[in-house]
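First chain A sits with chain B, and in the next complex the same chain sits with chain C.
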Partner chain A sequence: MQLSRPMCIAGHIVLLAICLSILFPMAIVLTTAFKPMNEIYAGGLLPQAPTLENFKRLFEKTAFGWYIWNSSGTTFLRVIGQLVIGVLAAYAFARFRFPYRDALFGLVLGAMMIPQVLTMLPIYIMMAQLGWFDTWWALIVPNLATPIAVFLLRQHMMSFPNELIDAAQMDGAGHWTTLWRVIVPNLGPALAALTIIIFIDSWNEYFWPLLVTESAQSRTIQIGLREFLQEDMNDYGALMAGIIVASLPAIAVFLFFQRRVMDTFVSSGLKG
Partner chain B sequence: MNIVRGAAPVRAAPLQAAPITKRVRATALVPWLYLAPTLLLLGVFTYWPLLQTAYLSLIDWNLNPSQPAEFVGLENYGRVTGSTLFQAALLNTLIYIGASIPLKVLLPIPVAVFLWSMGQRGHLYRAILFMPTLISFVVVGIAFLWILNPIFGYAKVIFAELGLRFPNLLADPDAAIWVIIGISTWKVLGFNVLIYLAGLASINKEFIEAMRMDGAGDVTIFRRLIWPLLTPTLTFVAISTIIFTMQQVFTPIDLMTEGGPSNSTTNLFYMIYQYSFVTFDVGGGAAGTMILFGFLMIMAFVQFRVLDRRAQYQQ
Partner chain C sequence: MASISFRNINKFYEASQAVADFNLEIADGEFVVLVGPSGCGKTTSLRMLAGLEQPTGGRIYLGGQDITDVPSKSRALAMVFQSYALYPHMTVAENISFALTLQKVPKSEIARQVQQAAALLGIDHLLSRKPRALSGGQRQRVAVARAIIRNPQAFLFDEPLSNLDAKLRHSARVEIRKLQQNLGTTTVYVTHDQIEAMTMADRIVVMEGGRIRQVGTPMELYRNPNSKFVASFLGSPPTNFIDGECVHENGSARFVAESMEIPLNPMTASGPVTVGIRPEHITPVKTASDQIRISGGVRFVEALGAETLVDLDLGVAPAASRTVTARLAGQHNLAAGTKLEIGFSPRDMMLFDAQGNAVSGAFC
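And now, the complex of A and B:
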């Protein structure tokens, strides 16, 4: 579609303004992290004498190594677990007929619209009874079911060509083999999109880890940053360094899968 | 839909009929095995806790296992709704939602339409807009704490160069809530633009060419074609914004203001958190949760009615 000229110019101006308001705070964080102490509070955008001091102090003052380990480990296990469990459920909804199928699918989708705040108290009590505080179990298990994954994967499986599945079953493949050998290898874009969604969700999670982690060794990066902010309110150099370390993995994962994801989102994925 | 007893692949016909009932029963089980993990997890960690919260709202308990819970009926509800904290939280929740509709639901629409009209050339804009979605609210909160720091923050330096005094926004009960709203908008705007782009992708551009030929201008095309076709997406964005705005502002509130100054930034979510995990008043927290649940249901229902009447066009 071609917009008229004044509309086009106005659009560019608005978008440039929005983009600048996004990039400017990021630039401040990025440059502050590399400034030595005496420059941090002096203003001026670019560091005069760039240094890695802040990163060093970050790792000395906090258990940041543990935070990275906990965030990476739980996120990795969550991505794998949530994808596998989502694929299984999506396959059942896409390729079988059974009683109450549509009602159950509605229940799964309905769970997407229930914010965590409505369910946290009983789950918290459950974790206490199981003795799961400060463990990876508490961070992983309550999050393993992923309605959005079931929804997206089911859609992609329903549009999968039946001839291929028939051919596989003619060759004697059962459901299990068909699913993992024929269907899953062809779900690339959808799985890439979900990997990003789950990764970001898990890596950036704040509220739940705040409730179930108490010892320094069990904290995730986000909660570790919060702790550091509260203990060392004015060491903004090290805090900005921490921000950068905390943001890099999600950005890296996104860039790695980016092309496929934008396409999946925009062409077939989330339609309201 | 015709429900078939027992399981059979939807389209692929079985190669041979299974005359033995045992075999039929075994295959009837198969889909349930695939579904079991998801259904079990959602049951244990979503639907059962919803019911249990209703029960917890009727007891008096302080999370201490050795302390017996005492049944007090509806007393918790009266105590929570009577508190000044609740009244402030409810009012602020309405402000958060009221401000979110123009900022997070409506503002992304023209941005998305413009990007859509640019096609592939808008790639860089899209990438930049999406960046805040990748980073966490903790990161955003700490970054803006630094920028808005009243003593050495960046905003202060810029204001000083313009000869102005920079106010301590987060300590001002009238301004703090708008800082939080601004930050959460900064964070989710790009994601909502992306969802609208997904909705726009299904609009056939030939319609637009046809309207163009008939001499329609940009405004007419938007009002008569794009807006109606976008309404289902709008409904989705509006309802999820209402439900999740409170969750989105929780982190900035917790990091930057802790609900203050004088309860001016707290909301129902943060109030529930304080009842449950700061003062360990389980009954109060659960009663607050049930009230929030009812509130969200009503808001979603109203939205749905208002917007659904307009969603008359189907692609």
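And now, the complex of A and C:
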């Protein structure tokens, strides 16, 4: 259907407004990060005298190096853990017949529906009892498996051609070899999409690290950024610089895996 | 290389029985084709031999060893699948060598064997390609090479030619047969294509409804089918059937279908029967005195060059079997509606009782 010209113009105006509302805050973050202190409240979008002072202060005034290390390390291990456990659980649910399989899978799906805030307190107590408070263990272990990975990978494995699995068996492969050498290499797009979802979810997590970390040496970036918001004075320049540094890995991961994710969406569209 | 033995094999999927009382002895080096319509249990039987399905009852032996409970990876069998089932992420060389890689065969030995198998099938120039860059025929060859390299006790083929075009199918048929004869490996081949069955098999196993209907050499099955089903399944175009009655009178017996009458052996039991005659056994009447003559109106002509298929309306048989197809040698210029006198010899005819079982010696 062809839109009339006035409708078309109106549509473009609405889309432009939406784009600006998304881009404008990002532009403020970007420009503020390069503004000297005295320009931040002065108005004007672009910095008059661009500076890297904010980035310097970011690392001088806080343990930002530790935050980056903690965020990177825990996120990396969480992504690996969630993918590996997701692949193993999905294979079991997709390929094995065992008693109560469907009921168990229902439980996994059910876990996806439970709000995180409900499980936070019991897990918090558990972490305290295990003595994992303020360690990487508390950041990683409760988040080592995710129902969404099990669910998504199971769907992909169920639609995986049976003949390929049969061929692998005839070639002498057991379940373990079939899974890792035949199935997983062909799940690239699904794994890439999952990696992005899990990475961003883990990297941006705020509330759980806030609860279980205390010392600067175990804090993550998202918690560290808060240090620039103090009662006496908010250091917006360093905060914005921190936001840029915190965003870069997520953008890099997205760009790296983007192509393969797009493949997933394209093929899932065709198959659907 | 080894003999294969199916003993009292049954397979149930919940309530439905896919294979019933399957008993078959396959000799060492034999090429056996399981043939039948879709859902007849042929692929299920092959998969049970491969270890990809577990029989509900019965035992399977390979070279005298009971392999019923042996996992497929330990059975020393190689299988070529209908879809070829090549691993999409591996090159042709990696596909062919996957089994040897898993067996931890030294790399140099793998390379030598891959080269040998690829050369045998004429795909040695494709070794670095991925399966998606291959044509259907090339993929099929890779799948066969992957089976050969394992030097198995037996080859299992599950409709390996069904995705190829007619021309390629013919050449692949010949190549697979030659290859099997050269290697001398016991082969079980599943197809629904009776031409493949007839041209490739040492012995054919015709299956229907999960049961074996008949086992024999292609010519035994062609000449002496034990049932209407086997007679109809083997041969192209299919056998013509004319329904009628066996009538006894004055000590002699006749097949009667409206005005058509054919003398029968007096020992033939009375009742409804069916006469079967293959299209290639119908000839235009010229001389032969012992021929049964019948005239019909030409309905449809398919000129194939070397032969002509003519659909004739006999006008004598009950409506359901009124049309017969004749396969006449050479070219015949026949217009629809033309009257044609045809004949067939009693020795080429088959008689089936009401249950579809062959009645032997029915024609004098």
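Going forward, the second predicted complex is superposed on the first by the 250 of 272 C-alpha atoms of A that agree within 3 Å, B and C clash if a C-alpha of one lies under 4 Å from a C-alpha of the other, contacts with A are read in each partner's own complex, and residues count from 1 in each chain.
Assume a residue touches a chain if its C-beta (ideal position, glycine included) is under 8 Å from a C-beta of that chain, and two chains touch if they have at least 3 such contacts.
Treat the numbers as computed from the prediction; the structure is a model and nothing was measured.
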First, second, both or neither for A:F76, with chain B first and chain C second: neither
Touched partner set for A:N186, first chain B, second chain C, both or neither: second
Which of chain B and chain C A:T177 touches, first, second, both or neither: second
Partner, of chain C and chain B, that touches more residues belonging to chain A: B
Which of chain B and chain C A:Q169 touches, first, second, both or neither: both
First (chain B), second (chain C), both or neither touched by A:F256: neither
Partner chain in contact with A:G11 - chain B first, chain C second, else both or neither: first
On chain A, the residue positions that both chain B and chain C contact, one per complex: 166, 169-170
Interfacial residue positions of chain A with respect to chain B in the complex: 1-4, 7, 11, 14-15, 18-19, 21-23, 25-26, 28-29, 32, 40-41, 43, 85-86, 88-89, 91-99, 101-102, 104, 107-108, 111, 113-126, 128, 141-145, 147, 150, 162, 165-166, 169-170, 175, 200, 203-204, 206-207, 210-211, 222, 225-226, 229, 236, 239-240, 242-243, 246-247, 250-251, 254, 258, 262, 265-267, 269-272
Contact set on chain C toward chain A in their complex: 47, 50-52, 71-74, 77-79, 81-83, 85-89, 98-99, 102-103, 146, 150
Touch list for chain A against partner chain C, complex: 161, 163-164, 166-174, 177, 182, 185-186
Complex contact set, residues of chain B against chain A: 1, 3-12, 15, 28, 30-32, 34-35, 37-39, 41-42, 45-50, 52-53, 56, 63, 65, 110-111, 114-117, 125-129, 131-139, 142-147, 149, 152, 154, 157, 186, 189-190, 194-195, 197-199, 201-202, 205, 208, 212, 217-218, 221, 232-237, 239-240, 243-244, 246-247, 250-251, 254-255, 269, 272-273, 276-277, 282, 285-286, 289, 292-293, 296, 300
